[in-house]
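By letter and in written order, the chains are A, B and C; residue numbering begins at 1 in each of them.
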Amino acid sequence: MIEQRRADGSLRHLITLETLRRDEIESLLLRSQHFARAIGERPPTGRSLQGVTIANLFTEPSTRTRVSFELAGRRLGAEVVNLEVQLSSRVKGESMLDTIFTLQALHFDVFVIRDAEPGVLAHVSSHVAAGVSVLSAGEAHLSHPTQGLLDALTIRQHKGSIEPLSIAIVGDIRHSRVARSAYQVLRILQAHEIRIVAPPALMPEAHEFVGCPRFETLERGLEGVDVIMMLRIQKERFAETAIPDGEEYFLRYGLTPARLARARPDAIVMHPQPMNRGIEIASDIADGPQSVIRSQVSNGVAVRMAVLETVASRLSS
Amino acid sequence: MIEQRRADGSLRHLITLETLRRDEIESLLLRSQHFARAIGERPPTGRSLQGVTIANLFTEPSTRTRVSFELAGRRLGAEVVNLEVQLSSRVKGESMLDTIFTLQALHFDVFVIRDAEPGVLAHVSSHVAAGVSVLSAGEAHLSHPTQGLLDALTIRQHKGSIEPLSIAIVGDIRHSRVARSAYQVLRILQAHEIRIVAPPALMPEAHEFVGCPRFETLERGLEGVDVIMMLRIQKERFAETAIPDGEEYFLRYGLTPARLARARPDAIVMHPQPMNRGIEIASDIADGPQSVIRSQVSNGVAVRMAVLETVASRLSS
Amino acid sequence: MIEQRRADGSLRHLITLETLRRDEIESLLLRSQHFARAIGERPPTGRSLQGVTIANLFTEPSTRTRVSFELAGRRLGAEVVNLEVQLSSRVKGESMLDTIFTLQALHFDVFVIRDAEPGVLAHVSSHVAAGVSVLSAGEAHLSHPTQGLLDALTIRQHKGSIEPLSIAIVGDIRHSRVARSAYQVLRILQAHEIRIVAPPALMPEAHEFVGCPRFETLERGLEGVDVIMMLRIQKERFAETAIPDGEEYFLRYGLTPARLARARPDAIVMHPQPMNRGIEIASDIADGPQSVIRSQVSNGVAVRMAVLETVASRLSS
C-alpha cells in the first residue's frame, strides 16, 4: 500500500484517492471551491507557494493537465519547470531514481508525474527525501486523482450533495484511469449509486468497481440517472477489441439526445476531454445546456491549486 | 469582416491592421515608443499585466516572434505559457474550438496565435469569451500586424513623419504576410508612395496592393526611395516558381551596394529576418550604416508590450 | 586567447577556467558557498538579478545543467527563457551571429550556451554587445567551467583545503570537458597531485594535462588518493575505440569496492552524472557513504547562482 501521509497524518503525496478518508476528500474539495472561479472571472492568485519549486514530469503528452498544474503552481507563487525526462524503470536499471535524486538535489519540492507505467509513482514516492511530495497527473489505466477530485467538485457545484445521486460512468471503463478515480472518490463520498455502462469488451474485470451495477447498453444504463460521466474512447481500441468503430460505435454506444432523454431531465453531462465528437458524444450535447464539460476544465486548476497548497505550502494552514 | 473592437470601441483583438483607423495606429505607435529602448539599454518593466495569463500558440516555428511576445508579456508582469497545440480546422472536426474553450476555461486572457491556415484567427476570435483577446503573430501569407507596427515604428524613429516618404517593398511579395501588413499600415499612415518590387513570379495578384507602382527590377524600383523593406525569400520558391535560384537570384534581385546607390543617400534598409545573406541581401548592407534591421527586432518587443497592454491591461488606460 | 574580463578587470564571460586567477576562483567559490544548501533545505532566493533576462541556448540536450541554470537565474529574480536554436557556424554563413544579434536586440543580458562545436562560445563572446555576458554550459570536449567550479566546491566542503590533496580523475579523459575543467581549477587551486587514470585509448594527448601522473589501471591510479572523480563513459566509445564494452569494461575499469579500497579510507567519490551504473561505477559505491555525487548536483545550482550574479548583477557588488 502506498503511504501518502506524513507521520503527523497530513497529506504528503497524492497518487491515489482510494485510501483517502472522507474528511480528507472534503477538506480538499472545500479548498478547491475556495479557488474555483466561473469562466470569464479572474483567476485567484496568492503567495502560499512562494519559494516552492515544482517539476512537471510528463512522459505522456497532455497539454491540458500539464498547463493546469503549471498555472495552479504559478498563480500561487511557485516556480514551475517543465521537464522532458524518461522515468521508465524498464529502460536502464536505476536511472529513474538517479533522475529523481538529481532533481531533488536541485531543491525541487514537488514532482508532478504523468506516466504510462503502473507503479512508477509509488516507486518514486517511496524514495524521495522527506520534504518532497509526489503528485500523480495520471498513472497508466490506474489513477488520475486530481481528475477524480475535479469531477466530484463539478458534481457538487451543480447537484449539491453527492449522497442521493445516481451516477453513470460510460464508455471505455476497462482502460480508464478517469473512471477508476471517479469511482473511488464517489464511493468515499457515498454516492447512492455508481453505474458502469460499457460494451462487453470495454468492461473492467469482475473484481473491480465493486458494488457498481453493470449495463451493456446506454438505453438501460442511463435510465433515471442524475449524472452522466462520458469517457474518451481511444481510437486504437477499435482495432484491438471487438467493438464497432467510428460511426457505428456512435450508433450503438454514443451519447445521443434520445439516450440522454432516458436520464433525469436535470441530469448533467461530463467528459474529461479531449472529446471525440460524433463518436462517443453528439456535438449538440457537448455544447448543450446539460453539459458541464467546460466547468470541469476550470475546476481542474482550482483542484490543483488546492492539492499543491495542501502538500507543499510552508504557511501555517 | 473581422470585428476587432469591443462595444465601447476599444481594441480587443489584433488580427489585421487593414481595418484600423489612423488614430488607433498612432496610439499604438505612441505607446510602443514609450517602451522602446536602444540595444544595450535595460528594457522597461512594469506591472500593467499582473494577473493576466497569456498563451503563446505557435503552430509554425518562430523563435524570434514567440520569444518577443513572451518577453513583452513577462516584462509587464503577465504569466506567459508556451503551448504546442494544433489549431487546424482541417484535422478533426470541432477540435480546434474545443482546444480554445479548454484554454479559456483555464482562465487565459490572451491567445497569441501563429498559424499557417488562413481564417483560423478570425474563427477563434469570433468564438472566444467576452474577456478574451486574440492576437495574430502571423497568419498564412495574409497578415502579421505586430510586424507591420514595428516596421512603421522603426521608419518613424529614423525618418520622422511617414507621409513624405517613398518606400519600396522588395522581394517575394506574393507570399509575404510582412509585405501585406506593411502595406496596410503605411497606407493608413498616408505614405507618399509605396512601391512593390519583385520578379514577375513573386508579384501579388493585380487586385492586391492597390495604388502601388509595380517594378520588376530593383534598379528602377529603388530609384530615389527613402526606405527599402527587403523580404526573406523562401528557398522552396526556387523550385516552385520561375525564378532563378541562389546566387543567380542575388545577381538579378539581391540588394547590392550598386542597387542601394539608386536610393536616396540617407535611405534606410529593413529586413524582417531571418536573412538569407548573399541571396536577397548583401552582407555588407545588412551590417552597414544604412541598415536598421536590429532596431526592428528591438522595436518588436516594444510593439508587443504596447499591444498586449492595450488589449489586456486591467489598469485604467 | 578569450578575453573574459571587462576593462575594469571584473568577470564578464565564463567560457574557460584556464585563464582565471586564483583570487577570482576563490571569490566565485566563496559566493557559491553562500548559496549552497544541503538537500532537503530550502534553496536561497534573492532579487540581485531582477530585471536581468537570461537565454538558455542548449544545442545539445542536457536536462540537468539546463534546469540548474534556469533555477539559479529564477531564484535570483531573473527572467529565464529556454530557446531551441542552432548556433553552428557550419550550417549557413553568418546566421549564428544573426541569431545572437537578434536575441541581443530583445535585450537579453546573458547567453548560457551549450554547444558541441569548439569555438562557438569564443566566437559569440567576441561579437556580443558590451552589456552582454556569455556563459559556457559545456563546450565540445573542451570546457565545462561551472562543472569545474562545483567539483572544486564539493571537494572543499568535504575535505577542506584542496592544496594537500591527491585527486584521481578516472575514465574517458580524452573526450571529457568535465575532466579538462576539473584539471584547470584544481591546478589553479594548487592541488598536491592530479592523477589521470584511463585505458590507453581514452588517454588525452601527451601535451594535455601537463604535470599529471598517468595510470592505465585503477588499482595503481587510486592508491592513496583523497578524491576519486569518475567520468561517464559514452557508450559509442565501445564501438569507436579499442576498449572492451559494457560488463567487460566494468571488470577492467569500473570503480568496484575492491578498487575503492586502494584509496584513502576517507576518500570521496564523485561523478558528474548521468551515471552508467555497473559500467564505470558499482551501484553500491554510487549510493555508498563515500559518494558525494548528490552534493555535486546541489552545488551546481549554487555555483550557477554565484556565476550569474557575478557577471550580471546590477547591484553594487
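One rule holds in what follows: a residue touches a chain if its C-beta (ideal position, glycine included) is under 8 Å from a C-beta of that chain, and two chains touch if they have at least 3 such contacts.
Source: prediction; values computed, not measured.
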Arrangement of touching chains [line / ring / star / complete / other]: complete
Equivalent interface positions on chain B and chain C, same or different at half: different
Between chain C and chain B, distance of the C-alpha-averaged centres to the nearest whole Å: 41
Of all residues in chain C, the ones touching two or more other chains: none
Complex contact set, residues of chain A against chain B: 37, 39-43, 45, 63-64, 67-68, 70-71, 74-75, 273-275, 277-278, 283, 294-298, 300-301
Footprint of chain C on chain A - complex, ascending: 51, 53, 79, 81, 83-85, 93-95, 98-99, 101-107, 129-131, 314
